Structure formats: structure tokens, C-alpha cells
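Following are the structures in question.
In what follows, chain A forms one complex with chain B and a second complex with chain C.
The block that comes next holds the complex of A and B.
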């Protein structure tokens, strides 16, 4: 029974996408093959039903209830396919599948006229299935299959418009150069940047998994004896392994300095950005960190190595959050703005979860529910952005009241999503953010007010750019609608997505599990923060643009692109050139010089064998003379 | 006589029948003749079959000629026969095109099929050989047959390249043979199950020979010439199958006496890492598709050498790495060949952009090939996992070595997707969409299927447990 459930869960999206994939390969662009994506979305829906079943049918949903199911994989190595249904995975699974399904529905209309439907749907569904595998797997090696699947599918989807011929699919102003470097990115380049960054993190992570396997011969996250391991290999050892492991999540979740790929990932279709930024890929990184912390219980282990690591994650997260939010504030491209804001949110998730080292499990819960809130809000905003791009044929924030009137649903969805995400009391994210404030506040003993002030600053900037997004697209500006019609399916999808935020608000206020969140929300300090956020929101709403050199630099992402496109690539290419010279030298030596030397010596020897007695005599005399000289010289020395 | 022996004899006999058949029938017969040993090898893997089968009694110091069946042989045997069968199918459209290009008639196929089958079958027999002299004989036959194929049907300055290949591989051969002979004199036998000691000198000679063949940094310079200029079906055997056999020979020698590796482990690992990084970086500068793939082979063979030094896990990694590289590189060479056939000799990366537009099936196959090389959801994943586990076993958490090996793996991933972008992505150039023969793309997917299937049950546990069984008693 459970086998069947799992098989359907993971395979239905993939099987559903196969008809369109094959049809497209054989008979592209025919009408009937344009209707097949319905099956792919149906696969996503079936998968969603399975996740719902898992949510409701495995005992009560509480922090202790854990169900594990193992199937043989490599019994000789104590590695098995182990699926885990616990608090985190049951909720995360539903979140992933629901968001993927809604985006799938949206995609039916958004991608209708695309030139590469087979590729799109196959990798879109593979993306979802991979994420579900990451969500439900307890075994690290099995998780790695999903993890690599995410990386591969993101590469395929970011570079979906591989022809690089559509300005709408670029990031940055086409043709722009800064200090000789192209400051715009095509889809194929965006795909390359994504996969190359991810590989840099995945390989150390892979090493960490192999090392854990060798040291404890168990790869189930919930069973690895972390404290014994820490004792066995010492503080430096456990730090090294955990850091290597976390390089995977850091690159996937685009923390500094690995953030560039996420910004240029916007070269993919908007649906992909929406999925990538809400519940898959980037969320996978933070999700794995939460899961690791959940079962490692670092608050029970006394190890300097682990402590140092958690301090590192805390500050890396906070700084990435501030960086991301500031970049979003300076950004004028719809999707890149949202991308930078995702990076900011991910930073907050990392930071909050890492605070678990000091305050315990509650920190992970806060980070997790922030992830859920963020996922729905961000998916809504991306879907709206996609619709806007379709409507205006412009990647940059343009719009106005006329557009708002024309796209009422989009306008409403944007209002709900921005209000709910920025943490304005009493809307959805406010309660989670308040709990986050409380957690950062409780780190006062260790780090003073630094974490809390970084968080408050980030929150203020965050609400500012959300207001800017709303204002520039729907309120300010003189955009004239060239009517287009359509967009009904898209509208339904993001309205449904946005309304999930209201449902979530109800969940927070109604269920007793969230009492702590709500209690934090009623503290005067939280209300004060909420007020600050509200003020910045309103302020930016009325004045969304501000010309300043700082803003420009932020919009150019503080020139971090030079790290990827200049520093690393220069080093790489100069090494490659060096190696190339060496190859040429070896080639000439082995295949020119050595044969030539043989040829010369053979010619020399053949010249001697001429049959002339005189020559032979001369040589004999010369050799004799040389020998004689040597003998005399030796005699003198002796 | 066991079924395994019959399965091995079949392609050998077929080799001599092929020249009298028509090109089309010989293609399918040749493929069939390799699918049969592939099936038995797979069966041997799944049942963890082990055994020996005596062929001839030979007196000292040669020792008995026998066939050695164990999961390691079966793993290599399966890889060789599967790839050979698929490349055989692929040969038909490719060589037809090549013969037209060279302006020779279809009758040339007679020569081709004889040499092709002889080449592949000698490699297959090599991995089942239980005697070093027998092994050497098959090594020599495979070298001669491949030399002939390059010499007759290669590209560019093919006679020069053929002789270059011949000289280099014979340097390797002579070094190894000298080593074998010293072993024969000191042990009075060359049967693998009776050799007791391998002294320093023979180990060194064999090792150096295999470094030339593998190849390591320095001697690697012959490989890009030979593999790039050979006709593509031959490249698709040379690169995936032949060079890696050096790893197989070193593995067999190691299983008898591991002293040499234990003594020089650090030096060899260091050399292997440098060699792999060096070759990996070289890939980026290549503008010829086949040359690019050839450099990637050098880099991947560095993995084999690293794996050799990493204890039991490393040795398991070596076998899996051979398979993964063979699957991946066979697919990739065939994609290069398909482009050559479809676009009249197109090999230069400068003239390729957005090729996905014209040959989507080839592009997708190349993606799976590169996934295999970089270990993404394919058997390559296990190779990397085992090598990294072995690394922890031997070197612990040694930061320098760990980061270097990780760098080796990262570079493979980078050049893979860099090449994908250079060739298949980007604004398409003005080519026409060609009509591809199905034999130019389906065989690639057959190999790709196994590349993915080998990470799931029942193949994965059978393979890994089987190899572990053979290596069981070996100290790290």
C-alpha cells in the first residue's frame, strides 16, 4: 500500500509529462501535441493528492510523530531508500505539490505558444518530483538523487529559451557594459551560471555525505549519532564536515557569495522562477538545514566546532538577508527584484533556524513557517509579474492605474501578497516575523543587539521594495493598455495562490500550536517593529523611486557579478591557457623533437658508413687521440 | 564448457563470418554477437557468479591459461559488450558516410567489420583472461586491430596518427610485457591465481606501462591525437573501453600484491590529482569536439588512478568509474559522430551554436552523457561516492587532499555544462535540420538507460555487493 502511494507520488508527475515530451520530440508544434500538457498538470495534481493523504493519514500532526518506511537499496552498505513522514516533511510536501500544481495550471496558459513544450513540461515535472524526493527522504544518498535532480532541472529550465534571441528573456539591459564586462545575461549564460555555482557547492556536500557514511555507516538523517560523531572526530573535524555539507545548501539557497546565479536565473520562463523561488530548489537548501538541525539537536551537543558553525550560519544569513533586500530596493527589473528579495528571505530562514543552537526547536518552527508564508507570497508575486510581462512586453517595472484597472485580479493579488509578506500587523507574516524578532532578541546575551537590529533593518527595507513593486506596476506611471485579453487561467492561479495567504493567517490565529507566535505579536516591541514596517511601506508606496548613486550601485547588485564573470573566469581561463601552452610544448617535444633527434642521429650514423677507408682511418685516429688525452689527463690527476 | 564460455566464443567466431555478409546483416550480427555476452555478464553480475574455466595447460614459467569469472570481470565484460554492441549498430550509417567521404565502395565494410569485431572481442576476452600472457596477447590484438582501423579510416593525417598511436601503445606494451616476464621468472607461473609475489621492479614496469596507456600527465599527449582522428565508432571504443583497461590490469595486479601502491600512495595520488585537474582544464581550450572529449578522457582516467590508491572503497570506485566513464564517453563520442555525419564533417566548436535546434535527440543524449561524467543521477554518482568514501578511509579529514579531489570533480561538472552551452545552446547557426538515421541516436539511449538503471535495484546492489565480495579480504 505504502509502496504504491510513494510510487504514485513520485512517478505521476514524470509519467504525466512523458506524452508531451515524446510527442514534441517526434512531431513538434502540432495542435494535438499542444494539448498534452494537460496530462502533465494532471500528474502534478495526483501528486498533490498523495501529499494530502500523507498529511492527514499518518497519525496526528505534531512535533513528535514520526513514520519511517525503508526499502532495500544497498543492503550490504546499510543504505536504503528511507522515507520519512514527520512534521516538517508532511507540511512541506503539501506545500511543494500544491504550489507546483497551481503554477502548472498557470503554465498551461503562460507557455501556450512556446517553441519547446516537451522540454519545458518534462523538466518542470522532474523539478517537482525531485523536490518531493528531497522533502520526504531521510537517507542522504537518496536525498542526493533529488538534490541533483533539482540542479539539473533548474539548469534545463533556466536555459529553456536556449536560442538567446528574445530580449524579454534576458537579465540586465542588453548591450550594457561596465568596465568592459557585459552586464547583461542571456538564458544560456544564466543556465551555465546556475549549474556552475551549484556544482561548486554540491561536491563538498557529497564529500561530507561520504565521510559521514564512512564514519558512522548510517546515512539516515534521523539516525546519525551526531554527538558521538562530534566526539569521535573532534571540533575541527565536525566543523569541516558540517561546513562541507552546508556548502550545498548555501549555493542552492544563494547565500553570499553564491548569490549571483539566482539573479540571472530570471532568464527562465516566469513559471520556473515562481517554482524555483517558492517551494523548490532554493527552499531545498534551507529545508535541509532545518531538517538537519531538527534531528541533530545541536542545543544538546557541546562542541565548539558546531557552535562556531552555527554562529557562521547566523551571520551569513543575516548579512545575505540585508544584502538581498537592499539589492531588491535598487532593482528595476520585475523578476530580478523578486529574486533578490527571495535571497533576503532565505537569509532570514537560515539565520532564524541557526538560532536554534541557542533557543532550541522553536527557532526551526519559526523559520519553517516563515518559509511556508514566503512560498505562497513569492509564488503569487512571480505569477503576477509573469502576467505583467505578457501584458506589457517589458521586463522592467512599468505600469500605472490603467493597468491596475485592466488587471484587477493581478492588482488585488499583489496588494494581498505584499501586505501579507512584509509583516504589517495583523496580517500573515506579521505573526511569524514577531516570533522571529523574539528569537533574535533572545540572542542578546550572546551577540548583543546586532542580530535583532539587522533583522529589523532588513524587514524595513523588505517592506519598502514590496511597496515599490506594487507602486511602480499599478499606481505610478503612465502605461497605456494595448488590450490583449486572455489571462483567465493565469488570474485564477495567482488568485488561488494569494488566497492561501489568508488561509494561513486563519491557521496562525486559530490553531493553538501557534500560541507562541501570536503571543509574541502582542508584545509592544513587536508592534513597534510592525509599525516601522508599515510606515516604510506607506512611504515607499507614495514615493517609489529615488535617484541616487547608492541606489544605482544596489541595482547593479553591488557589482558582485564581477566575482563570477571576471575574477573566477579570469583565473580559470588563465590556468587553462597555461595548461594549453604546456600541452603544446609536450606535443612538440614528443612528436617533433624526439623523432627529429632520432632522424638526425640515424642520418649521422649512415653518413659514416660510406665505405671510404680514409674516413674510417681518420675516425680511428681521432678516437685514439681522444683516448690518449684522457689517459694522460687521468695520469696527471692521479 | 560453461555457457559463459560459449557466449564469449560466439563473437570470436562471428568475427570470421562477418566479411562474407552484406553490410546490413553483418551490422546486426555483430551487434547480436556482443549482446549475448552482455546478457551472460549481466546474469553473472546478478547472481554474483564466480568461477574459473581451464583452457589449456601450459608448463612453467607460463602457467595455465584459464578464464576468470568474477563480478569484476563481469562488470567490465558487461560494459565492453554493451558498448561494443551499440557502437556496432551505430557504425552502419556512420561508416557508410565515411566510405562515401573517402570515395571507396561498400565492399570496404568487409575489412571494417572484421577489424571492428576483432578489436572489440579481444578486449572482451582480455577482461576474462586468467593468465597475464593470455591477457597480453589480447591486449596486443586489440592494439593492432585498432591501429589498423585508425590507419585505414582515420581523419586528417591518419597514417602519421596511426603510427604515433602504434609507437606509444607499444612502449606501454613492452614495459608491461617486461614486467610480466620478470614475474614469470620469479613465480614460475603467470596464472593469476598462482602468482604469489610481485617484486618492486615488475610492479614499476607494469605501472609505468599502464601510465602511458591510461594515460597520466606527460604521456597523455598521444591520446588526443589518436582519439580525435580515429573514425568515430573506433573513438567510441578506444576512449570508453580501451584506455580504462589499464586500470583493470593495475587492479588485477593490485589484488595479488598491493605493496607498490601502499609504498608510493601519496606520490601516485598527487600525480593523479594533478593529471586530472590539468586535463580537465585543457578541455576548456579545445575547439574540436572530439579532441575536447579526448581530453576529458584523460581527466576521467585520473579518477581511476586516484581510486586505485584508496583502499577497498577506492577499488570499488575504480570499477564503477570505468563503467560510468565508458557509458558516458561512448554516448558522447557517438554524439560527436552524429554531428559529423549530419553536417558533413562538422567538428569545430566555432561553427556550432544552438545545435539543439537541429539535432534535439543528439543534444539530449549528450546531456545524459555529460551527466554521467559529472555524476548526476547516473552511475557516475556511485563512482564519486565510493572514491570520496575511500578518501576518508585512507586520508581521514585531510583538508588539502579533500579539497583537491573535490576540485577534480567540480571541474568535470564545469566542463560538461560549459560544453553543453558551447555546442547545443546559444543562437542557432544557419543549418538545415537533417534527417538522422535512427541508428545514430537509439543506441545512445540504450546505453543511457543502463547508466541510470545502475543506480537502482536490482542492478546497483548486485554490482556493488558483487565487487565487494571479490575485494573482501583485501587490506586497504
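The block that comes next holds the complex of A and C.
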């Protein structure tokens, strides 16, 4: 029974996508093959039903209830396919499958006229299945399968428009150069940047997993004895292993300084951006961190190594959050703005979850529910952005009231999503953000007010750019609609997605589990933060643009692209040059030096051969004398 | 002993009769070899080698001592076989001389003019070698008897010097390339093959008889000399074009390999057997290979035969050359001379280019039938180790009990 459930869960998206994939291989762009994606979406829907079944049918949904199912894989190594159904994975699974399904529905219309539907749907569904595997797996080696599937599919999808022939799919102003460096990115380049950055983090992660296996002979996250491990290898050892492991999540979740790939991942279709930025890929990084912290229970382990690591994650997260929010504030491109905001949210998730080291499990819960809230809101905004790009044929924020009237659903969904995500009382994110404020506040004893002030600053900037997105696209500006109709399916999809935020609001206020969140929300300090957020929201709504050099620098992402495109490539080239020199040295050594040395010594040996018997005898006598001296010396010593 | 006297008589008879017709001597010498067959496996191989030597001498039958040369090879063969049997030090030294002296004559013979220049060079070194060897052996024995370490080492070094000069171990190898290049190839093939056994066997037996606790430290000198010889031979051959000269350097290298086996003689009994088996196999490889190649130089052979001989010299399994080196390396590794084993492997690698060149430079379009036959037989002999030659180790264990 359980085998069947798991098989259907993971295979139905992939099987559903196969018809269109094969049809496209055989006869691309035929009418009948353009109808096949509906099967792919059906596969996603079946998968979604399975996750719902898992959510409701494995006991009560509480923090303690854990169900694990193991299937032999490498029994000799104590490695098995272990699936875990616990609080985190059951909710995360539904979230992933639901968002993937809704985006799939949207994609049916959005990608209707695309030239590579087989490729698109196969990798879209592989992406979803991989994420589900990451979500439900307890075994790190099995998790790696999903992890690698995410990497592969993200490369394939970001570079989906591999012909680089549509200016709409680029990131940055085409033709722009800064200090000799191209400051715009094509889809194929974006795909390359994504996969290359991710690999940088994956490699240490593999080694960390190997090290963990070597040390404890167990790869099930819920069973690894962390405190024993920490004792066994000391503070520096556990710090290094965990840091190496977390480099995987850091790169996947685009924390500083690995954020650039996420910005240029916007070269993919908008549906891909939506999926990538809400429930898969980037969320996988934070999700793994939460899961690790959940079972490691670092608040019970006294290890300096682990503490240093959590301090690192906390501040890395907060600084990434502030950086992302500021960049989003300066950004004029619809999708890049949202991408930067995602980075910011991921930073907050990392920071909040890492606070668990000091405040316990509640921090992970807050981070997790922030992930859920953010996923729906961000997916909604991306889908709206996609519709806007479709409608206006422009990837920069342009629009006006005329557009708002024309796209009423989009307008409404944007209002709901921005309001709910920015943390304005009493809407959805407010309650989570309040709890976050509370957690950062409780770190006062360790770090003073630094975490809290960073968080409040980030929240204020965050709400400002959300308001900017709303204002520039629907309120301010003169844009005249040249309508070509359609968009109903897309509208339905993002409306459904946006309404999930209201459902969440209901969940937060209705269920007693969230009492702590709500209680935090009624504190005067939280209300004050909420008011600040509301203020910046309203302020930016009325004045969305401000020309300033700082804003321009922020819009250029503080020139962090130079790190990726200049510094790293210089390092790469110098490595290549080094290898080239080594290569040449080996060549010279093997093909010149060694043969020459042999030739010289050979000729030297042969030079003795003069034919003169006198010389030969002299040599013999000399050797005889030397050997006799040695012999006598030996004889005296012995 | 009675066999030896009998065969000496027959050989004298053969030598005398050969003035009438060289074929009488040929037939008698052949017959003599069959008489010696009764003495066991290694003797059979020696006899077979001698048979090939005598057969190849037929290629230069119009020489100055035609007929006597067969008897001389027969004499050397009898002495070689006898050296395996006896362990009396005086007899061993006598055998050393018996094998050495006939080569003085053989090296000079040629089809045209007598090769006096080369002969003098060769004889001068051989005389010194014999003197050093015999004095060395006697002093060594004295040192052993009186338990005097200075005498012992003195004798050991003299013995080693004598051996080195006699067979051509670097750094006393200077006569080898000159003599090999200037004498008649068939004459050289005899001093490069059958004449190489006795010096080693005698030296080995004397060393084993006089082994004390000092021997193992003295063996370091042997190891160093053997390493020098390997490198000098192989590197010297690398840039040489003249095939006879290449074979000269190849001899120097091979003598180095064989000397390396001496290093293991103070190890446990099993290892000693492996070391001696390796040394003997390497001697056979060297002997058969030299006979084959010098015949190829004289009248040519098929390329396939030269390739097999070259591969055997390089040490490719399952040819005899592989097993010779393998046993030596095995003995070296387990008697704590890993570095020498590594040098040996390295030297095998260095030797690859010139052995392959040797095939090219000895190539002829229409090979002479006699030389081709001899060379091809030597190539076939390289395959007697097609199955791992543990039987050879057993034979050695029986002889060197």
C-alpha cells in the first residue's frame, strides 16, 4: 500500500510528462502534441492528491508524530531508502505539490505557443518530483538524488529559451556594459551561472555527507547522533563538517555571496521562476537546514563549533535579507525585483531557523510558516508578473490604472499578495513576522539589538518594494493597453494561489497551535513594527520612484555580478593558465628534459669506449682501488 | 668425475681428428652432449644451448681452427654442467679456468683474417679477471677460515672484481662493447652465452660456502655494483645504433640483473632458491637471446623471432625473460632490497626502446637458413615458461640443496 502511494507520488508527474516529451521528440509543434501538456498537469494533480493523503492519514498532525518507511538499498552499509512523514515534510509536501499544480495550470496557457514544450514539461515535472523526494526523504544519500534532480532541472528550465533570441527573456538592459563587462544576461548564460554556482556548494556538501557516513555509519537525518559526533571530532571538526554541508543549502538558497545566479535565473519562463522561487529549489536549501536543526536539536548540545556555525548562519541570513531587500528596492525589472525579494525572504528563514540554537524548536516553526506564507505570496506575484509581461511585452515595471482596469484579477491578486506578505497588521505575514520579531528580540542577551534592528530594517524595505511593485505596475505611469485578450486560465491560477494567503490567515487565527504567534502579534512592540511597515508601504505607494545614485547602485545589485563574471572567471582562467603551464612543464620534462638527460648520460657512458686498452685498464685499477678501500674500511669497522 | 675424464678424452680425440675432417669433431661433440643428458633438467637446457652454439659455429666453418671449436664448446659445456654438481672449491676454480681459456681462442677466429686486436684486448682482461677471481676466492676462504673480517672483505671484493671483469659488469665492462662490436658475431655469441654460467655459479657457490654473519653487510656492495651495471648497460645502449654494440650493453645490463640476485643469498632458504632460479633463468634468457640475435646479425632471421627475443629481454610475460626478472624481484622485495627491485623494474622500462630498435636494425630481407633456424629455435625456447616455471625452482632447489 505504502509502496504504491510513494510510487504514484513520485512517478505520476514524470509519467504524465512523458507523452508530451516523446511527442515533441517525434513531431514537434503539431496541434495534437500541443494538447498533451494537460496530461502533465494531471500528473501533478495526482501527486498533489497523494500529498494530501499523506497529510491527513498518518495520525494527528503534531510536532511529535513521525512515521518512517524504509526500503533496503545498500543494507551492508546501513543505507536505505527512508521516507519520513513528520510535521515538516507533510506540510511541505502539500505546499510543493499544490503550488506546482497551480503553476502547471497557469503554464498551460502561458507556454501555449512555446517552441520546446516537450523539454519544458518534462523538466518542470522532474523538478517537482525531485523536490518531493527532497521533502520526504530522511536519508541523506537518497536526498542527494532529489537534490541533483533539482540542479539538473533548474539548469534545463532556466536555459529553456536556449536560442537567446528573445530580448524579453534577458536580464538587464541588453547591450549595457559596466567597466567593460556585459551587464546583461541571456538564458543560456543564466542557466550556466545557476548550475555552476550550485556545483560550488554541492561539492563540499557531498564531502560532508561522506564524512558523516564515515564517522557515524548512518545517514538518516533523524537518527544521526549529533552530540556524540560533536564530542568525537571536537568543535572545529563539527564546525567544518556542518559548514561544508550547509554550503549546499547556501548556494541553492542563494545566500551571500552566491546570490547572483538567482537574479539571472529570471531568464527562464515566468512559470519556472515562480516554481523555483516559491516551493522548490531555493526553498529546498532552507528546508534542509530546518530539518537538520529540527532533529539535531542544537539547543540541547553544548558545542562551541555548532554555536559558531549558528551565529554565522544567523548573521549571514540577516545580511543576505537586507541586501536582497535593498536590491529589490532599487530594481526596475519585474522578475528581478521579485527574485531579489526571494533572496531576502530566504535570508530571514535562515536567520530565524538558526535562532533555534538559542530559543528552541519554536524558531524553526516560525521560519517554516514564513516559508509557507512566502511561497504562496511569491508564487502569486510571479504569476502576475508573467501575465503582465505577456500583456505589456515589457519586462520592466510599466503600467497604470488603465492596465489595472484591464487586468482586474491581477490587480486584486497583487494587492492581496503584497499586503499579506509585507507584514501589515492584521494580515497573514504579520503574525509570522511578529513571532519573528519576538525571536530576534529574545536574542538581545547574546547580540544586543543588532538582529532585531536588522530584521525591522529589512521588513520596512521589504514592504516598500512590494508597494513599489504594485504602484509601478498598476497605479502610477501612463501605459495604454493594446489588449489581445485571453489570460483566463492564468487569472484563475494566480487568484487561487493568492486566496491561499487568506486561507492561511484563517489558519493562523483559528488553530490553537498558532496561539504563540497571535499573542506576539498583540504585543505593542510588534504593533509598532507593523505600523512602520504600513507607513513605508503607503509612502512608497504614493511615491514609487526616486532617482538617486544609491538606488542605481542597488538596482545594479551593488555590482556583485563582478564577483561571478569577473573575479570568479579570472580565478578560473588563472587556474586554467596554471594547468596549462603545468601541462607544458610536463611536456618539456617528458619530451625534452628526460630524453635529453638520457641521451647525454648515454653518450657519456659511451665516450669511455675509445678503444684504448690503456684507458680501460686504468679505469679497472681505479675501481679496484676504490672497492678495496671500501672493503678494508668495512673490515676495520666490523 | 669419471664422466669428466671420459669426455675430455673424447674431446681431445675429436680435436685431433678434426684436422682430417671437421665433421668428425662436429658429430663427436654432438654425441658428447647426449652423454651429459643424464645429469638432470638444468644440464639438458645447458646442452641444448651448447647444441645451438655448435650449430651456429657451422656458419663460420671456414675459420682457422675449424673442428677444434666444436670440441672447445663441448669442453665448456662439460665444465658448466660439472660446476652444478661439485662443491669443492679447488674444482670450482679449475672449472672457472677451463671455461675461460677456450674463449681466448674462439674470440679470435674469423672467416678471413685472425682477429688479433680484439683477441688481445679480450685476453688481457680475461687474464686479469682470472687472477683476481682466484686470488679473491682464496683470500675469501682464508678470511672465512681465520674469521678475519678484513681478509674476508678483501677477498670478497677481489672476487667481485674478477667476476665483473670476466662477465662484463659495470664499471669494469669497458671491453664488452668493443669486443662484441669487432669480433665475429658467432664467436661473440659463444662467449656471451655458454661462457657466462660458470663464473656466476662458481662465485655463488664460493659465497654460499663461506657465508658468515658479515656477508649480509658486504652484499650492499654487490647491490650497488649491480645497480650501476644495470644503468650503465641500459643507458649506454639507448643511443647506440650498431646492433653488436647494443647487445654488448645489453649484456652489461643483464649481468647487473643477475648480480642483483646475489643480494638475496643470505635470506631464508625459499628466497635463495627463488633468487638462484631467477638468476639462472635470466642467464638462460641472456644466453639464448644473445645466440639468437648474434645469428640474426650474422645472417638474419624472421622479424617475428627477433620480436619474441626482444620481448623476452624486455620481460613480457609469459616469456622466459619475465620469469627471470620476476623471481629476482620477488627475492629482492622479501629480503629488504626494495630499492634495488624498483631500480630493476625501472631499468626494464628504460631498455624497451633499444630492444625494439634492435629488431629494426637486424632486419634483413632474405635470412640465411642456418642462422634463421638457430634464431627461431631460441625464440621458441623463450616459451618454455608458458606455464609458471615453479618446476624450475624445484630443479634449482634439488641442485643447490
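What we mean here is this: the second predicted complex is superposed on the first by the 577 of 638 C-alpha atoms of A that agree within 3 Å, B and C clash if a C-alpha of one lies under 4 Å from a C-alpha of the other, contacts with A are read in each partner's own complex, and residues count from 1 in each chain.
As a working rule, a residue touches a chain if its C-beta (ideal position, glycine included) is under 8 Å from a C-beta of that chain, and two chains touch if they have at least 3 such contacts.
As the structure is a prediction and not an experimental result, all values here were calculated from the model.
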Task = In the overlay, answer first, second, both or neither for which of chain B and chain C A:74 touches.
result = first
Request  = Would you sort A:2 into first (chain B), second (chain C), both or neither based on which partner it touches?
outcome  = neither
Message = By the touch definition at the top of the document, which applies to A:164: first (chain B), second (chain C), both, or neither?
response = first
Task = Report for A:605: first if it touches chain B alone, second if chain C alone, otherwise both or neither.
result = second
Task = Answer with first, second, both or neither: which of chain B and chain C does A:613 touch in the superposed model?
result = second
Inquiry  = Just checking: does A:630 make contact with chain B only, chain C only, both, or neither of them? Give me first, second, both or neither.
reply    = second
Task = Using the superposition described at the top, determine whether chain B or chain C touches more residues of chain A.
result = B
Query = Which residues would you name on chain A as touching chain B in one complex and chain C in the other?
reply = none
Note = So, in the complex, the side of chain C touching chain A is made of residues 120-121, 124-125, 128, 132, 148-154, 156-158, 160-161, 165, 171-172, 174-175, 177-178, 214, 217-218, 221, 232, 235-240, 350
Remark   = Listed in rising order, the residues of chain A that touch chain B in the complex are 25, 72-77, 141, 144-145, 148-149, 151-152, 155, 159, 162-165, 186-189, 191-192, 195-196, 199-200, 202-204, 206-207, 209-211, 213-215, 233, 236-237, 240-241, 244, 572-573, 575-577, 579-580, 582-583, 586-587, 590-591
Note = In the complex, chain A touches chain C at residues 598-599, 601-603, 605-606, 608-609, 611, 613, 615-617, 619-620, 623-624, 627-628, 630-632, 634-636, 638
Query = Which of the residues in chain B come into contact with chain A in the complex?
reply = 164, 218, 221-222, 225, 278, 281-282, 284-285, 313, 354, 356-357, 360-361, 364, 371, 374-377, 381, 384-386, 388-389, 391-393, 397, 399, 402, 405-406, 409-410, 413-414, 417-418, 421, 424-428, 455-457, 460-461, 464-465, 468
